[in-house]
Structures are given as C-alpha cells and as structure tokens.
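Below are two complexes that have chain A in common, paired first with chain B and then with chain C.
For the complex of A and B:
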C-alpha cells in the first residue's frame, strides 16, 4: 500500500504516457492504435501553432494586431539568426528553422499550464527529433561535399601522428550531437517540471496546515512564483538554443569548416 | 492563361496594376508569379519557397528514424521483461506466436 502511495504521488507521474483511446484489432497482422496523451497534446500543439498564425494574419488590416507584431518580430529574429549562422545564400532553411522553433516553443509553453502534459519531456520526442536532425544534416553534408565530408573530422594543421586520435575524438564529438540536442531539451524540461511538482506538493501541505504556517508559507510561495517565471524563461531559452544549434549544424554541413 | 484561374480577368488586373506601378513586364510569367504569390492558402497569403530542396535530407532522416524507432519498439515489446506484462498491448499476440 505504501509503495502504491509512492507511485501515485511520484513527481515523475506527470511524464507518463497513457492511452486515452485505443484500438486493438487482429488486422494487418496485429493492429494496435492508440491516442495517447502525447498524441493528443501533439495535435493540440499543431492546432495552436496554426491558430496563432491565423490570428497573426495581417492580410487585410493596415494596423497590425499584437499577435501579428509578435510573429513578425519572431520571424525577423529567426531570419537574422539563419542569415548570420547559415549564410545569406542559404535562407531556404528558414521555414524549417522557423517551424522547429515554434514546435518546441509552443510545446514547452503548453507544458507550463498546470495539469497539462509536456511533450518535450518525452525522451522519444526529443531524441527522435535530434536523431532526425543529426541524420538529415549528415545526409546534407554528404550530398554537398561527397567524400570530402570526412575531412571535417581532421582539424586543419593537425600533425599526421595525431590524426588517428583526433579523428576518433572528432567522430565521438560529432556523434554526440545526435543525443546532446535532444537530451538538453528533455533534461531541462523534466528537471524544471519535477522541481515545480515537488515544491507545489510541499507548499500545498504547508498551506493546508494552521493559519500562522499558511501566512508564513507566502514567502516560499513568492519564490515558487519566481521559479514558475524561470520555467517560462527556460521554455523560450531552450527552443532558441535548439534552433541556434541546428543552424550551427547546418552551417557545418554546408561550409564544413 | 486567364482561364486557368477561378476569377477571370485577374491576369489583366495584375497587368494593369504592374504597368501603373511602372514595372517592366518581361513575359506572361511575371504576371503569373504575382498572381501565384497572392494566391491564398487557407486564407493566408502563400509565399512560394523551395520545399523539397532544403527538406529532402530531413525527410529521408525522418524515415530512417521512424524505422529505427519501430525496430526498437518491436524489440522492447518482445523483450522477456515486457512480453508478459499486462500493460503490453501485444502480449496476447506474442503469447500466440510463442505457441506456434
């Protein structure tokens, strides 16, 4: 019973993927289709991103609304980031970077709503995304530079004797990109949400006590509100960092050194 | 050319607009590009941009990742630890296959 109580109150329970509607049928071998909370929030994210862009549509108005200004400002920032990082001649990657930024940003922001689900706290989403980007960038580099791509693993001016060692180090460092991109996002979101869950449970217990304790608890509660703000900042920072790194990987793939 | 569009006479309108703005019309294509850039997609203006050119490596990568994740899932649901787990939706199928 004690063990069960621990499972229910676990701060990691919020990250559990559960099936909301499922279909099990002995067709196509054995078909199992489920709409999980992860799937539901992914759909919600899609509708929110599309809806946000509809609200920000400034096609028929002379004076833009606030949504429009915020979207145009985000577009300008991302556009300058792409031009600075990947180069003016490679602006064709802007739609990809823009979509990626809004996918991660809105995914992170939805997760800050109490009792919602954080899709970016799912290892499979983050690692799937980072592995896809890693393979994509490698394919792009191979298609542009062919066999010369492998010169990327030998920094210029390396003495011949050190080449085998450096190639190994560079290869490991390059391969680590596949995981690091996703783990950075996933770990930040999981850590932040777990901390908020633990602290809010503790604060709830304190607020439920006697009046003096409840009044005194307002002080840690203020700090907690600050932490919620920090979590919102993390949502923005992590989506920005992810897109910045993808830009940097794209630059490496296109320009090699 | 105008027949291909839902609103006839649009080409002429654009042509007049371009001429009024002192644009040099090189060919019919110039007019069409303007029309296409004004064409709506779900009520939004469409901004033509290359899609396949920047995205093909990521589409291929997505396919590879999908295959790898599917293989990983298959291996995980068939692992001795989870093959008989009541939460495993494939448990019945795995048990059935084990009998054959």
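For the complex of A and C:
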C-alpha cells in the first residue's frame, strides 16, 4: 500500500499534461479538442503578461509610479542588452527579445506558485520555442548573407585538409543550438521542481512522525525554504540566459562571426 | 527495532538543543530585544478586526475553526504540496519584507530623478520661451519703424531727385549764362571795335576835312559869326 501510494505521488506527476475540458464529437471525421492544464496556464500566462504591462502602463503618465518603474527598468536593461549584443542598428529585435524574456520569466514564476503547473517544464513548449527560434535565426542569416552564410561553418584560417571535418563539427554544433536552448530551460525547471517535490515528500513523511522528529525536521525545512529561493533565482537566471543566448544567435546570424 | 533505536537517538540528540534553545534565542535577540508580550501584541494587532462586528478573538477562533473544518472534512488535504505552500509563503513573505524598503527607496530615487529631469526641462523650456518672448518684444516696434524708415527713404529719394533736377536746371542756366555772357562780350567787343573804327574814321575825316581849305574857311566864318553874335547879344 505504501509503495502504491508512493508511485501515485510520483515527483514527475506534476509535469503531466492532462485534459481539463474535452470535446469529442463525430463531426469532421472525428473531432477531439480539449483544454489541457498546459493550455490553461498558457492562457493565464498571456493574461498575466498583458495585464502586468497594462497595469504597469501607469495610465501613460510620463512620471512612473513604484510599479511601472520596475517595468521601465526591465525594458532599459533588455534594451541595453540588445544594443550590446546585437548592435545599436538592430534594435528592431528588441520587441521579440522583450516578449521572449517576459514569456519565459512569468512562465517560470507561475511555476513557483504552489499547486500550479510549470509551462516551461514541458519539453514540447521549450523545444518548440527553441527550434522555432533556431529556424527563424537561420532563415534570417540566409536572407542577409545568401550563400555566404555557409562560410559560418568554416572558421577563418582553417587548413584545407581540415575543412570537411570542421564543417561537420561546426554543423553539429550549430544544429545543437536548436535543442540546447530549449533543453537547458526545460531541464533546469524540471530538475528544480522534481527536487522540491521529492524533498517535500520526505519532509511531509518526517513532519507526520512524532513531535520531536517534526520539530527536528524544521532544520531541513529551513534548507528546503532555501531551495525554494534557489528555484526562484533559477526562474530569473534561466529566462535571462535564454534571452542572452537568443541575442547571441541573432548577432551571429547578422554579423556572421 | 531499528526505527525505535533511531527515534531514541534523535530524542537524545534533540534534548540538549531543546534546553539550549532559550539561550540561543537570547543571544540572537540580544541586539534587537522586543519583549515577548510586545511581540505577541503585535501579532494580535495584525489580525483583522472591526470595532462593532468582528473582534480579534472572533477572527482567530473563526480562522482556526475554518482551517480545522476544512482539514477534517477533507476540503483541504494536507500533503507534501502543503509543505511547498508553507515554504513558499514563508520565503515570499521574507523576500517581500526584505526587499520592500530598498525597492521603495530605489523606486523613489528613480522617480525623483525622472521628475527632476522633467522639471528642469520644463523650467528650461519656460525660460527659453520667456527669452524668446522678450527678444520678440524688443522688436515689437519694428513694423512701424520700418514703415517710417521706408517713408523717410522715399522722401529722401524724392528730394534727391528734385535736387538732381535743380542741379540740372542750375547747370543749364549757368551754361546758358556763360554762353550769353560770351555772346554779350563778343557783341560788346564788336561794338567797341565798330565804335573805335567809326571814331577813327570820323577823326580821320575831320582831320582830312580840317586840312581842306574850304572847311577851314567855313569854320572860321562860323566862328566869327558866333563871336559877332555873342558880342551883339551881350552888347559889349
């Protein structure tokens, strides 16, 4: 019974995508649509990001209030990052980078709320995002540099004999960007949440024991709170890292080395 | 058996700490010593209440009762997620408490900086507009002044043209005068020359006639006749 209970409360259970409301109808062949927890939290994320910016708009007043100054500061930081990484002449990518940052950040922060679902722990969301960005960046590079884009795979000063090998290595390295960008985010969030779930399960078992053990468990519970804080920090760091790497890929696509 | 041994060892391990806890607490709170009674009253004061309807005791009793009911009726199930909830609440509360004041200070500094920049820009703009108004104000008479200057220049041009005409007239008159003067001088010279010629001719004729005897005789006769007449008239 205990084992069964443990299996049911698997730490990976929290990442399962389940259907909340579904519609199965024998029309158009066989129609099957459903609102999943992933879809629901995606909608929540959308409303939160839009709502946050709507509230932070401060009724378009020039002088910001205590809330809107944080948004303005975030915008200034992201703007300086784009200008430093991609270049002053390519500020056209700022809206994309800004949206991406807030999508990932708010998605990560929502996942830190207890009883919620982590969108960024979904492999399909993260990989979909990273592969889409990879394809977009590659198309951008091809449209700018045409056939010269392929010189990106040959580092300058390479001996002719090593060119086939290096091209292969560079190609694999370039292609790995499509996966690494998403996997980094997905793996960090999944690892963090799984760790918290496992630790909370252990702590719950300990707190459920007698009074002395429960009192003593307050010490690991303190460490657990620290880990929750670490997870909060990971949310910020991962969104920043993802944005920074996308900036870096864009710079490579535009400047080609 | 193993569990019992572990439990006993934990109890033993916990005992000194439990006794030591007040001492540790006294050390930890020695720098910031709020009395326990005050701390308790702070917590009680934080409970929501209204003077007439809800008392603090009522809030506490109601809250505890609701939580107990929710748990006992399995409306809320205590599980490992509750621990995450508790940990998150503690952490978020702590972060909010730690960050609130520095964030408030930072935000106010930034807002103050922006407000100062806007205020100084507004002041500079106002000053610039005022300067512009002053500079334009100095030139408020420029239209009438220009009109006066134009009228004056027009009058000057007219006068200059009149002066020119007069100068031309004077020049013409002086030219005419000089021509006429020269003509007059010429006529005078011619007349003088003619008179000189005439005088000379007459003198020559007179002299020639004087040399004529008949004329001399006539003159003599007429002179005698005049003398005789004088004598007769005076009756000398």
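Throughout what follows, the second predicted complex is superposed on the first by the 245 of 257 C-alpha atoms of A that agree within 3 Å, B and C clash if a C-alpha of one lies under 4 Å from a C-alpha of the other, contacts with A are read in each partner's own complex, and residues count from 1 in each chain.
Following the convention adopted for this analysis, a residue touches a chain if its C-beta (ideal position, glycine included) is under 8 Å from a C-beta of that chain, and two chains touch if they have at least 3 such contacts.
Please read these numbers as outputs of a predicted model, since none were measured by experiment.
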Query raised in the report: Is A:70 in contact with chain B, with chain C, with both, or with neither (first, second, both, neither)?
Result: second
Query raised in the report: Which of the two partners, first being chain B and second being chain C, lies in contact with A:233: first, second, both, or neither?
Result: neither
Report task. Tell me which partner A:168 touches in the superposition: chain B (first), chain C (second), both or neither. Result -> neither
Report task. Identify the partner contact of A:223: answer first if only chain B is touched, second if only chain C is, both if each is, neither if none is. Result -> neither
Report task. Identify the partner contact of A:93: answer first if only chain B is touched, second if only chain C is, both if each is, neither if none is. Result -> first
Requested in this report: Pick one for A:12: touches chain B only (first), chain C only (second), both, or neither.
Outcome: neither
Report task. Go through the superposed model and pick first if A:43 touches only chain B, second if only chain C, both, or neither. Result -> neither
Report task. May I ask you to decide whether A:22 touches chain B, chain C, both, or neither, giving the answer as first, second, both or neither? Result -> first
Report task. Mind working out whether A:200 is in touch with chain B, chain C, both or neither, as first, second, both or neither? Result -> second
Query - Residue ranges of chain B in contact with chain A within the complex - result: 42-45, 49-51, 53-55, 57-58, 60-62, 64-65, 68-69, 89-90, 93
**Report entry** chain A to chain C touching residues, read off their complex
**Finding:** 9, 62-66, 69-70, 73, 112-115, 196-197, 200-201, 203-204, 207, 210, 212-213, 215-216, 221, 224-225, 228-229, 232
Report task. Quick one: which bits of chain A touch chain B in the complex? Just the residue numbers, please. Result -> 22, 24, 30, 32, 34, 53-54, 57, 59, 92-96, 124, 128, 131-137, 139-140, 143
Report task. Over in the complex, which chain C residues touch chain A? Could you list them? Result -> 7, 10-11, 13-14, 18, 79-85, 87-88, 90-91, 95, 103-104, 107-108, 110-111, 114-115, 118
